[in-house]
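Common to both upcoming complexes is chain A, partnered first by chain B, then by chain C.
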Partner chain A sequence: MKISKKIVLIGHFGVGKSSLIRRFVEDTFTEDYKVTIGVHVLKKEVKLPETDKDITLVIWDLEGNDDITNTRPSYLIGTNGFLYVFDLTRPATYEKLSNDLDYISERFPKTPIKVIGNKKDLVTNEFIKQNKEVFGRFVDFYTSAKSGKNVEDVFTNLAKALIK
Partner chain B sequence: MLDNYKKEHPQSVNQYMIVQLDGTITESDDVIYKNIVGENISEIHPFFESIHEALQEKNKRHVFSCIHLTDQNNQTIITDIVVKTFDNDKLPMIVILDLTLHYDNYQTTAQVRNESVINSQILELKNDYLQEKEAFKNAFIANFSHELRDPLTGILTFSDILKKTGLNDEQLNYLKVIDSSSSYLKQLIEDILDISKIEAGRLELVITPFDIRELLEDIKKGFKIKAEQKGLELITNFNNNLPLIVGGDPLRLRQVINNLLENAIKFTEVGTITFNVSLNQIRAQKASIHFQIMDTGIGIAEDDVEQIFTSFTQLNKASTYKGAGLGLAIAKHLVSLTDSKISVDSTLGEGSTFSTNINFKLDHNYKLKSIKKTKEIKPKSDKKYSILLVEDSEITQLSILKILASKGNYFLDIVTKGEDVVPRIEQSEFDLILMDIKLPNSYGDEITKLIRKMPDRDHKKTPVIALTARVFKDDLRRYKKAGINDVIKKPFDEDALLSKIEEYLK
Partner chain C sequence: MTQDDKLKILKDILLKDEHEYASSIEIKLKKLEELITQQNNLSKHIDPILEDKLDEFIKEMPQTIGPTITKTLKEEIKNSQDEVVEALYPIMGKMIKRYVQKEIQILSENINRSMSNAFSFKNIFRKFRSKKSGVSEGDLLIQDQFKPNIEQIMVIESGSGLIVSEYSKTNNIDQDTVAGMLTAIKSFAEDAFVTDIQNLEYIEYENYHVHLQNFSKYYIAVAISGAFTATFRSKLEDKLLDFAQNIINKTDLNNSEQFSSKLKSFFQNENF
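For the complex of A and B:
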């Protein structure tokens, strides 16, 4: 049975949403920052052997926004899952994390959200430990699009949550 | 011609399509995507896979702005897509508006804006990081210097004690090396601490009335010997019209003059050092006093003059002259606290002249007798005094024990923990208490507060002298408020300890 699910990556600009998708879909990475305007839509099939199901993730790479309330509502129609991405090296990208998650949960109460602290390659484990109360308690995955760390796991994990 | 114009000046193009509810394309004008009738809209681009939900709605119009698609030539086009459904049996309509040119401009603007925001955030973080690093450095210097003080106290005091144990000439010579090394180390720690205080903005002057002529004579005495030891002549001219008592910070003034004279002697191999002090002017209860130190030393090149006041700067790269290069940086800052500055006039190979005008307070209430003459106060030699030492450092305990034991008229009782102090005072009477400030799990000033609250009136009067390296102005204020009478600064030597104790054991 073909299952197709729309997932949306959301978060401030420059946090690495496009890089995570590029790493997941094409397994490539570039240091050059090219701003995303509007939406890029890509898809990738994820095999879930333990559930005997294949799932096509239609991945919406939204342009970054420092105010989540400015996200165009049309982009979110029919969303099955969210990936909220922030940049571990820039506090401005996680200062409103709790409020942003509340904003999404209120509008999409049954839609799974996974929170990702990206650019793990640029911070130490000690830094993450020290910021447990700031962002640590919300985070599902620490990723590095550059090294590929945890990137596959993020999408697979969300895919599993979508077919439950 | 029109076709050429269209190619040369492309405007947005629109493609209209009619689709069934399952996404099958029934009609298309093939403007962007050609020959697609019969295909499912999802096959054109993954974007359309996500709009099936919208197709099921009735009489709705959704506009998806700035959607990146790939055309049949594999070129990226940036579009707005309109999905319109109707409330009767009419099939949904999809319109693709190719706005690539418009959005390309937007992309450029957004790129510049985002990069600028990210760069400013990174810059802010770098500043925060540098500030944290600076704070860490200052805390590290303060703590590290503090930890050095106890062992240094041990070296200084035991060196004094050792001197009196009947050493032969060779041993005394070795001891002189220990003495001079530990004195240099002590000065270095003081300088490093001063620099860290300056950088933290915590170095303040403690203004008090003092006899400036006495201070100058005292300095002269010390440096005359130093100059003579190097074969130099120290010439001093202290003007007779200098005020007798002025308000200023005598310790810091001494530090500035010492630094300038030390340098003058250090960098002069032959000739004279001239130290002139004269009254510049008196105005509005302030005396401006001019200090000038001239030498016939190696001199400073014009381009290097600014550098000499920078921390850790030694112009002599060959290390002929020892020193951390902190003295002038500290002197410059101390003088700046009096709203003045040090000026330098120097010729390479001929010598240097350092001068400054420092303002002092003048007050008719300043009286010579109000200035403590600590050296004249001595305890009665036949009386035995009981002293309580509150100190956790074994080196400091042993140093004080040895110094006091050598005098023969002190009983010393030692406690190492803050919680033991009050019970010990309840058991025994003490003439004086020496109180370390930083104890395990407690602070000496807090313990002193408890002592002052004890019911027995005598305990309220027992002099408490703090032993500490922490002598910032706010620290001293806190000690006084807690009931501490005075402070002996670590590291201390025999003279510093005994003179302070004797001052209070009248």
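For the complex of A and C:
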């Protein structure tokens, strides 16, 4: 039987949501920044050999929003898993991380959320250590859409969490 | 030794270096003359330089001259719109004419084929329909050519946009992505009109009409080719309501295979 799950990526403008999806779905990357307007839907099948199940991830790439409360609520209905993406190089994109995660959890208490610090290629491990107060508490994955680091793992990990 | 001889020896001693220098210049001039006057010699030296410069020019041409050409062309087109229309009209006109001719030819062939089977069941039925409805047989024939055709039916979960079930004769679209995008468009349109509870019910995409019928937990999207008439729409709505009320039950929503099997058996031989 075919299993399909809806994944929604949220976060501020320009944090690399579309780039992460493009890297995961097409294994490509471009430096050209094209802003997402509204929503873009893509899909990819993920094989999970441990569970002997294939899962189709229908990925909703929402337009960036500096204030999560402005995200169109109807786009979030029926979401099976959230990926909250922020930009490691721009503090403004993770300053309200705790509040934003609370906002999602209150509305979707049973839906798993994975927090991603993207653009890892632009910061050092030292920088991450210095900011472990924030990052250590919340971040599940440090990714780089540019190099592809951890991108596959993020989606596979979420897929596993969804079929438990 | 005479006075002149002594003077000559003195001259030789004093001007020896100048003589040698003059001779070397004379030799170099001769070589240069040979180089310039003989084409083969000259091209051997100049060709590689010219080739390099030419390659460089070709590479840089789009950046250096491109914007100027584009700007000039834009200005020319803007300032001479009538001339551009005049130049393009015969080409566009011919293309449109050829397309219309081809489509009319196909239509004419189809009508002829239908007419040639004078004693077929379809023809007799059409004659009967014509007499009963008062619509001429020719009009009915043309209507038949543009008959609406169901290409794909998708049952989509409201909100999530995930496919619950689908039935397709052609199977030429990515159902998961299309269902997601349809749901996103629907959500956007329905959010935008905040004054009343309304649903997006129809989308047109090139040759396809997408009819959307909403139910509480899901909605059904039907892609139709051909003429999407009000009569067909009304029949389709009734049929979908009948399907939702009498054919499926709550458990089917959680069993995609069972739902699809019911959907297929209900619609595969359906003739509106």
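In this section, the second predicted complex is superposed on the first by the 164 of 164 C-alpha atoms of A that agree within 3 Å, B and C clash if a C-alpha of one lies under 4 Å from a C-alpha of the other, contacts with A are read in each partner's own complex, and residues count from 1 in each chain.
The rule is short, and it goes like this: a contact is a pair of C-beta atoms (placed from the backbone, for glycine too) under 8 Å apart; a residue touches a chain by one contact, two chains touch by 3 or more.
It should be emphasised that the depicted structure is a prediction, and the values quoted were computed from it without experimental measurement.
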Clash-or-fit label for the pair chain B, chain C on chain A: clash
Contacts of A:110 with chain B and chain C, given as first, second, both or neither: neither
Chain B versus chain C as contact partner of A:2, first or second or both or neither: second
Which superposed partner A:78 touches (first chain B, second chain C, both, neither): both
Chain B versus chain C as contact partner of A:129, first or second or both or neither: neither
Touch count on chain A, higher of chain B and chain C: B
First, second, both or neither for A:13, with chain B first and chain C second: first
First, second, both or neither for A:91, with chain B first and chain C second: first
First (chain B), second (chain C), both or neither touched by A:34: first
Shared chain A contacts, counted only where both chain B and chain C touch the same residue: 4, 6, 38-39, 41-43, 56, 58, 60, 72, 74-75, 77-78
In the complex with chain A, residue positions of chain B that touch it: 45-47, 49-54, 62-68, 78, 103, 106-107, 110-111, 114-115, 117-118, 121-122, 125
Residues on chain A engaged by chain B in the complex (per definition of touch): 4, 6, 13-14, 33-35, 37-43, 56, 58, 60, 63-64, 66, 72, 74-75, 77-78, 89-92
Complex interface listing, chain A residues touching chain C: 1-2, 4-6, 38-39, 41-43, 56, 58, 60, 72, 74-75, 77-80
Residues on chain C engaged by chain A in the complex (per definition of touch): 157-163, 174, 176-177, 179-181, 184, 187-188, 190-191, 256-257
